[in-house]
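Next come two complexes built around subunit A: one with subunit B, the other with subunit C.
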Partner chain A sequence: MVKKLFYYEFKSYLRALVPVNLILLAIAVMTRLLQLFETESISYYLLYGSSLSAYFITAFVAMLLTTITVIVRFYKNLFSAEGYLTFTLPVTSTQHILTKLVTGVCVGAITTVCLVLSGMILTAGELLVEIFKAIGYLFKQIFVAEMGWHIALYILELLLVLILSAAYQNLVIYACIALGQRSSKNRIMMAIVCYFAYYMISETVSTVLTLIITTLADSLTVLEAIGKFFTNHPLASIHIFFLISIAVVTGLGILAFYIIKKTVDTRLNLE
Partner chain B sequence: MKRSIRILSLILLSALLLISFTSCMSLDDMKAAHAFYDENGAILYDGHTYYLLPECSELTVSEFDSINVTETDVPVLLSDTLGDSYDVSPQKIFLSMYYRGKIYCREDYFEDVKNRIENGYTMDRYCFMATIDPENTGDPANSYVDYELLKPKVASVLLDTMEIAEPMILPSAGMKYEQIIRINRCSEDTFFQSYAFDLRISEGIYYVAVTDSVQSETAYYRISDEDLPLIQNTFYHAA
Partner chain C sequence: MTDYLLYAENLVKRYGTRPALNGVHLRITKGKIIGLLGPNGSGKTTIIKIINGLLTADGGTIVIDGKAPGVDTKKIVSYLPDNNYLNTYMTVREIVTYFKDFYEDFREELAYEMLSRLGIQPELKLKTLSKGNKEKVCLILTMSRNAKLYVLDEPIAGVDPAARDYVIDTIIQNQNPDATVLISTHLISDIEQVLDEVIFLKDGVTVLHKTVDEIREENGKSIDGLFREVFRW
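On to the complex of A and B.
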């Protein structure tokens, strides 16, 4: 049953997102083809500039549409009239939430891949070759020379952080929607208010923590010891930073998941 | 239907393959401005080798363009970030990095210039900085700034003015002028220069100006009306 759930989720997302991604790729091809007629005339620059602007606008629209589609699909499928049908399926609330989460992250990844692909089409030819040469050179000189075998682990850790962060961002939005559902009126407005409150709290907490660390760094022995460790072991420090990020994002993600599950299980109030 | 899809796919593939073999103008410009250090520290640029000259304070080079010089394995997109910036002189004879006092000379001029730095050179001509338009198009995009030799007759008019005219001694900031043209003593090829005097234009009057930095005074020698047309025709394109 869960497999079918995934199938219909992806089908619904792709129906909405495939056209805009195809348009993005088409504009990238068109803009690149325009470069075959490159001259120093004003008319060429106007045409090329317009095409490039259209490309960036389409890229922005693709990212925005992906985010909006993920949010709207979650809300409509679980908390609107569609929810009556959704919750009749022989699937637990955990499976529902996880399906939405996994498909949302995958669709975001697909859009990102399309963006990268369109960027490669835009620079296809000698320019793309030079870009790869520059990336390879920087990688070899700065990372491999300085970090050695640690670089492979850093890449894995970074990928994990990116995937967990993407999932966490979706979970935060889902949790705000779930909290908004607890209100009897103006549920969408309450969800937006919840998101703003989350944003303000997270910014305040990070600012306060930064202030504490920077002002008390020299006076607190613990902070001083941590600072000395980071200075003497820079490579290990990066691993610790990644691991702490993974732990924090996972912990907060589990909290958000719990909020969503609790709301769906006990406080569901469909329209 | 299948046939038309195949033909369309073939056309699209050909278009994409064609794109792979093309560059773009900005990348071509970056490649043209990218030079390399060889294993001996010389610079390889534009099909020539440039060697480092001994230091010489009177070796004067004007700037026509700039390039980035890197090691041979640095990609062109990183050349301006990781490379050293050098100014290129007109005719690409010299590459200079003034703030480090380095001037490189093209292989066909190197021995001669090095010899003159080490064994002495004569500066028996005069020059000034002028805007050169080699094709006389009148388009600023086609012109560049370089040192131009003064004709012997013009130089002698200026020098005679200093001999004959009655000087007006003023404090160095004592006269407002619309234009100041620096005249340098130089070698025949203008490679070696040292400051001689100025030509200053104030309210349409031309003066030869000699500054005494110790006294903070400038002596102004007015150029006579009969010599004025020659001076105006010579310096109309001074930079």
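On to the complex of A and C.
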């Protein structure tokens, strides 16, 4: 059943997002080809400028459309009239939520890959070779030389942090939509209010934490000890930073998941 | 409890502080066509949503074929909501495939046969169909399942009188003989000839559950007549 859920989720997303990503890649190719026929004429610069603008606008639209599609798909499929079919399928609520989460993260990754690929197309040629050479040099001379085998773990940890953060961001939006459903009316408005409340609370908490750490760092022996550890063990400190990030994002993600599941299981009331 | 296909005892549901169900009792056996009747706000849709796992009861017990509403009961309950719930960007063929993929008891050939009788092309997108045809597609999908319990919420409310006959015929002809059909409707006179039993709901309480024959013998009235008497303002 989960396989089928994934199939229909991807089908729905790709129908919406493949065209815009293909257009983005096509514009990138067209803009790169124009560079090969560079002349000093005004008409060339006008044409090239328009093509480059179209590229940036399409890139922005692709990112925006991906975000909107992920949000709309979650809302429409679960909480609009479509929910009457979705929630009467012989599938658990956990499977529904996880399928939506994984596909949402995947389509975000696909759009990101398309953006990077289009950027590479746009800079294809000597410039791209130089960029890769520079990255290779930095990697070899600084990271590998200084960090040794740690670099492989750092990359894995960074990837995990990025994937979990993307999943967490989606879960927060889903949780806000779910909380909005608990209201008897103006459910979409309530979801937006929930998101702003979350944003303000998270900003306040991070500001307060930063203030506490910066103002009390010198006077607290614990913080002083942590600071010393970081100075004496810089390689381990980076692992600790990544692992704390993974733990925090996972913990908050589980909380958001619980809110969504609880709403779907006990407070669902389709109109 | 296990003798019944659907058993509910003292079912309670509140929306905030407003009570929707105040202790509903249901004893539904196999192989029946049952009318779930009551005025607006009597709790019909609330019961139907609880049966289908779309709402959770605040109190009481509900069991379908020996199980509480969940994944297992969704495999044996075929539900027709009272609104258009299909993704209208899908074609008729895509939605038939969707049902076939998710419901093991879905009878694909039967669905296409019924669609063909109505002249509905499988390649058409749902959004291009008329309101009446969309409702017929929904009914065809529901009745194409070989379910144990069919729950139909206002299946004839949105269709013209000629189409009502088609809907009723479809329900009778495609129902598995061992299955039970629970029909919620206001249009009692249109369906009363096919009903075996009726349940009257009033203010979230079951006020009557009898066979149609019992009502005719004891009250000497049609179901429609009795309904008008019980629910007179």
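In this section, the second predicted complex is superposed on the first by the 267 of 271 C-alpha atoms of A that agree within 3 Å, B and C clash if a C-alpha of one lies under 4 Å from a C-alpha of the other, contacts with A are read in each partner's own complex, and residues count from 1 in each chain.
The rule is short, and it goes like this: a contact is a pair of C-beta atoms (placed from the backbone, for glycine too) under 8 Å apart; a residue touches a chain by one contact, two chains touch by 3 or more.
Keep in mind the model is a prediction, meaning the values are calculated, not measured.
Using the contact criterion defined above for the overlaid structures, shared-chain residue A:N269 touches subunit C, although it does not reach subunit B. When the two complexes are overlaid on their common chain A, residue A:T210 makes contact with neither subunit B nor subunit C.
Contacts of A:A134 after superposition on the shared chain: subunit B is touched, whereas subunit C is not.
When the shared chain is aligned, no partner comes close enough to touch A:S53: not subunit B, not subunit C. Once the two complexes are overlaid on the shared chain, A:M1 sits against subunit C while remaining clear of subunit B.
Residue contacts after overlaying the shared chain place A:G125 against subunit B, while subunit C stays out of touching range. By the touch criterion stated above, A:L36 is placed in contact with subunit B alone, subunit C being left untouched.
Of the two partner chains placed around the shared chain by superposition, neither subunit B nor subunit C is touched by A:T94. Among subunit B and subunit C, the chain that touches a larger number of residues in subunit A is C.
Shared interface residues of subunit A (contacting subunit B in one complex, subunit C in the other): none. For subunit A in complex with subunit B, the residues that touch the partner chain are 29, 32-33, 35-36, 38, 40, 124-127, 130-131, 133-134, 137-138.
In the complex of the two chains, the subunit C residues touching subunit A come out as 15-16, 49, 52-56, 71-72, 74-75, 77, 79, 81, 83-87, 89, 98, 101-103. For subunit A in complex with subunit C, the residues that touch the partner chain are 1, 4, 7-8, 15, 81-85, 87-92, 184, 265-266, 268-270. Across the interface of their complex, subunit A is touched by residues 15-16, 18-25, 27, 73-78 of subunit B.
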